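The structures come next, written out as structure tokens.
Presented sequentially are two complexes of subunit A, the first with subunit B as partner and the second with subunit C.
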Partner chain A sequence: MAERELLVVDELRVEIPTHGGFVRAVRGVSFSMEPGKTLALVGESGCGKSVSVQAMLGLINVQGLRLAGEARFMGQDLLAMSEAQLNTVRGARIGMVFQDPLSAFNPTRTIGEQIAEGLVLHKGMAKQAALEEARRLLDECRLSEPARRVVQYPFELSGGMLQRAMIAMALACGPQLLIADEPTTALDVTTQDQILWLMQELQRSRGMSILLITHDLAVVARMADDVAVMYAGQLVERAGVDDLFSHPTHPYTRALMRATPHGEMVRGEPLASIEGSPPDLFAPPPGCGFCPRCDHAMRICEDRVPLLFTSRRGGGVSRCWMEHPDYSRARVVGDA
Partner chain B sequence: MPLMRYISGRLVSGVFTIWFIATATFFVMHWVPGDPLSDEKAVSPEIRKNLEARYGLDKSLGTQYWIYITSMARGDFGISYTQKNRSVNDIIAMHFPVSAMLGALAVLFATVGGILWGAVAARYRNRWPDGAIMFAVILTVSVPSFVFAALSQHLIIKLNQLLGFSLLPVAGWGGFRNMLVPALVLGLGTMAYLTRLMRASTLEVAGSEYIKTARAKGLSSLQIFRHHEFRNAVLPLITVLGPAIAAITTGGFVVELIFTIPGLGRYFVAAVQQLDYTVIMGTTVFYGAFLVLMVLLVDIIYGLVDPRIRLQGKGAGVRA
Partner chain C sequence: MPESLANKPADEKPLLSVDGASCYFNLGQGQILRAVDEVSLDIGSGEILGLVGESGSGKSTLGKLIIGLNHKSGGRVEFEGRRLPDHYRSADFRAQSGDIQMIFQEVYSALSPRMTAGEIVMEGMRLTGSDNGLVLREKALAWLDRVGLSAAHMNRYPHEFSGGQRQRLGIARALAMRPRLLICDEPVSALDVSVQAQIVNLLESIRREMDISILFIAHDLSMVRYISDRLAVMYLGKLVEVGSAHQVFEAPAHPYTQALLASNPLPDPALERQRKHQPIQGEVLAPIGAPVGCRFADRCPHADEQCRQQVPPMRPYQSGDWLVACHKA
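Now for the complex of A and B:
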């Protein structure tokens, strides 16, 4: 069955073995991506956003890792693939950009060599042709003096320059999907802006999809078409970017927005913080993971995990009992 | 040129190191009870006086030290006390090449073996090859080399008996066949040390972010090992190669004795027993200088291999 979606993740579960037992890092996450669109995966550190994506691509190299669910990319389940099959997808049809560009490059090999490597592997290019293509890619990613960069080593470039080089590396073989895991977190604000702008431009010219992992709502607002908010290994809200920002439904999403500085703030106005901490993922609570920190928590929230209900306002879904169709009768006026 | 300045700086500090070694050895040696003449059968006080005058032992310690240091600076280590009419320079020139050849082969065994075993152990981490290799490493580190030397001689005899002809000589010197087993025994301890280091360094590299990048590029684990892990894991080993050479050359004394190899080590041990002042001083200072040079050489090689160090002098490493 041919799917319109580029990527469909269905009930993905990841459990990572540690000395203290299994960490239930991802607990049934589902989302899908359309070709040419950008999906932002948002959430705080440890919510499972990076783990979901890395597990999907087989990048978590831990013995005894438990994976369940499906991740269909162009109709094929990535989780069912052998390592050899995955190697024909990784780097070729899915490119990946990591958070810290300096540690993501091998310090002892030149930028050019590291970009050319994928081209030789997936496109069967000769070394020399691949290096020339690497130069062209660096140029496409607006890196100054691309011919010189090809023969330079990672430590000779700044963080912003390296991030451009990493984007060039991820795009080398013309992937349909670019996964960017906190691509601007390690960069200063002006460089962040340039990198985001570059990604938008490349998406337009190449028509690829971007899966953007971030904790920064400003980045989300600027880049995303759709947003998936994660909390404690679960998806708590999924919506189009306009819906999400105009009608955030899940209490966690709303708390996140209150905790983000914005343009209309008055000098001296304190930022709201989200009191408490996320639940223990060794033994996740039976109910809603956010309920101990939620202002609206009800008795049912402690006992049962809410389903993803269609939001009452806006077009998204929200994992909150307040969105249950029967909730409105008991609802306190003005609570929305 | 920064490299030349670096090398000359290191050489100057090397001279100080050697001077310190010479001075320390000189005074410790004279501090030990007895002197080169006291070991001989009882000599009459007159003869003893004559001998002391001939070797300069009647002068004050300070004067002796001054004479020694100045002639050493000219490259003259003096005449042996126990081997009549042989200069220390002659002894070194004749026997050091033997030690050097044995040592070089041992270093080769140790590095190749260490890298190989370490890489295998890391690749099969926590599986049986890793366990077996690490067990052998602990065994090798804790058993002194003379035990392995005697054991290997025993095994050679058994092997030759089994074959009915002499495949390998038990002891003695002359040709590659004589070097093989002593070099292996000599390099064993260092090989174990390097194995452990290579294993740790391979694991560290394997856990780094850029290996994840390489996997995200679609490289197979063998390709990643060949193009990214191996080379970066070997780099830290180069830094300990200097001290490793030191360990092997000093360890050589015992192995040379057991295999009756006419290397410098045997003369050194004999000289210490007989308090042969000039030979002790000569060999100590010579080995000191040799090791200072080796460590310098290793550091230069490391700079050539690792681009982060190689390029630093060019002022190209501009980081924002």
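Now for the complex of A and C:
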């Protein structure tokens, strides 16, 4: 109960029923978050990063959904909560920001009403006081002319302004955790810059934790304290941000970094692409999910899923047989 | 240094020359949206020109204007010294299909869902050439093979492909017409990082092999820096800076280019921690009506009266092929 961590996700499994059978979208993911820190969940489409979080918050409404594992938020397991209990957490102690702000707002109600709704519901504020608080929140999120925005409808605001409004809505009840799912992916780079800056500033002033879901390693480098890399429904590497970027350990993380262009690259030097595609999650392979695309794959990689070993370099963990304590010894013996 | 590619002999005629081209849209009630406003630009033979700007800057509109999918409200576009029409009829498209081709960001909506990959690649060749069915099939197969698809994909429909494969199909369709200029409108924005690299490498190798020019329109600055010989930056319908990609990225001259590059996050936590700048303030507005001064003046930290009164012309900056539209540069 007296956990230091704000959020502990333990062996989370999500299987989604479809016409073709169950998609093993999340296959045993574990991570934890400390108060006041930012954890980035990184990976490409279909790796399970968004599904993990949506499942945790009870946002996947599918008949026959299979959930297993635990997600303890401030000591309480979110997966074991009833809908009513979840409603006291979502939007109150956990705020959420999504990729597409326009579809996250109700188009028929004003920005102010939608922010005030949470305050009335969770904090028992009177309507007028809640609207005034909404104006203050919009101001805190640096939205220009907050008093006018309160009475405007979502379509009247630009993408960047709406994203600020959504952050204001997420912050309304003073959450300990802000979950941001690709918050800047739909935005232009200068607007992205403003929004990332705002999130960092709000984190400092409010001391909340941020769980950032993104595919963009540059955004990770900017925002994160800790990073969890996901591939094919599993966490393949977890490390502090400096360790991850200076000593990426898992072959997938390394490949992802080589495929990302950076400033010092010489013109004409080919980008390292990752050939092939991720495995079919209807029937996940028995071994490492990355092994068909991996340059270092060994026989054991096809047969058995590696554990999360402590990385030999850097301070993180990596789901790769090459990090097994006996691996380098075995290789030395083999070479001799 | 990589600049050797950027410096073309000065006497070489550009492949494509855009001269003061505009594309206006009438919004009604006397409002005119100047999506592209008197833009001049050359693309050399075998060159990759990166065109960057934010949403609403007019970069896609310019690309479509060049190929004829948007009308021209003014100015002219010349391809190998030949003037392209202001308003296109279908015969015009057919006549120029061997010169200019385009690939799109939303490639799924650019491919007919009722045609197989083979039919999609063959269609252009069938309409413009005289090859019979068997030869067409052979050629289509060769193009699919060239972009990394195979004979097994010939009879599949677009919905059976992944995003990256679909973009490859779009490239094969364009290349089958043997164009001299390929306009790529955000070709990798919708793709995953690992697949982006596959497509960009493919474009780069095609450029070398077929000696085609590429107009690479994108908002991902790191990718544009990586692929481009020269770079053009647009803001609200106007070009603000054109120069070799190396020069512009190393020492951007226009305040907007500076702000754009400064806001681009880098995949390096140590560098990111040193980041001190305040993000650029304000929002991108719509370029409605004739500009009074510099379109960027209200967001620019260096703007003064002159910037608010006079539209800055494109002027040479340092070297001859580096142009900047700023009173203060």
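In the analysis below, the second predicted complex is superposed on the first by the 328 of 336 C-alpha atoms of A that agree within 3 Å, B and C clash if a C-alpha of one lies under 4 Å from a C-alpha of the other, contacts with A are read in each partner's own complex, and residues count from 1 in each chain.
Note that a residue touches a chain if its C-beta (ideal position, glycine included) is under 8 Å from a C-beta of that chain, and two chains touch if they have at least 3 such contacts.
Keep in mind it's a predicted model, so treat the numbers as computed, not measured.
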- Query: Fit or clash for subunit B plus subunit C once both are placed on subunit A?
  - Reply: fit
- Looking at the overlay, what does A:Leu57 touch: subunit B (first), subunit C (second), both, or neither? first
- Query: Where does A:Ser45 make contact in the superposed view: on subunit B (first), on subunit C (second), on both, or on neither?
  - Reply: second
- Task: Based on the superposed arrangement, let me know which partner A:Phe105 touches: subunit B (first), subunit C (second), both, or neither?
- Result: first
- Task: Figure out whether A:Gly160 sits in contact with subunit B (first) or subunit C (second), or with both, or with neither.
- Result: both
- Message: Quick one: is A:Ser277 in contact with subunit B, with subunit C, with both, or with neither? Answer first, second, both or neither.
- Response: second
- May I ask you to decide whether A:Leu7 touches subunit B, subunit C, both, or neither, giving the answer as first, second, both or neither? neither
- Does subunit B (first) or subunit C (second) touch A:Thr88, or do both, or does neither? first
- Just subunit B (first), just subunit C (second), both, or neither: which does A:Leu196 touch? second
- Query: Hey, in the superposed model, what angle do you get at subunit A between subunit B and subunit C, Cα centres, nearest 10 degrees?
  - Reply: 70
- Tell me, in angstrom, the smallest C-alpha to C-alpha distance between subunit B and subunit C in the overlaid model? 6
- Item | subunit B and subunit C footprints on subunit A, overlapping residues | 158-161
- Residues of subunit A that touch subunit B when the two form their complex: 54, 57-59, 61, 83-84, 86-92, 95-96, 98, 100, 103-109, 117-118, 121-122, 152-153, 155-161, 166, 169
- Message: Give the list of subunit A residues in touch with subunit C in this complex.
- Response: 44-45, 158-161, 188-194, 196-197, 215-222, 224, 241-242, 245, 255-257, 259-263, 265-268, 270-275, 277
- Query: If you look only at subunit C, which of its residues touch subunit A in the complex?
  - Reply: 2, 5, 54-55, 162, 164, 192-198, 200-201, 204, 219, 221-223, 225-226, 229, 245-246, 249, 259-260, 262-272, 275, 278-281, 283-284
- Note on the structure: Interface with subunit A, subunit B side, in the complex: residues 208-210, 212-221, 223, 227-228, 231-232, 235, 306-308, 311, 316-320
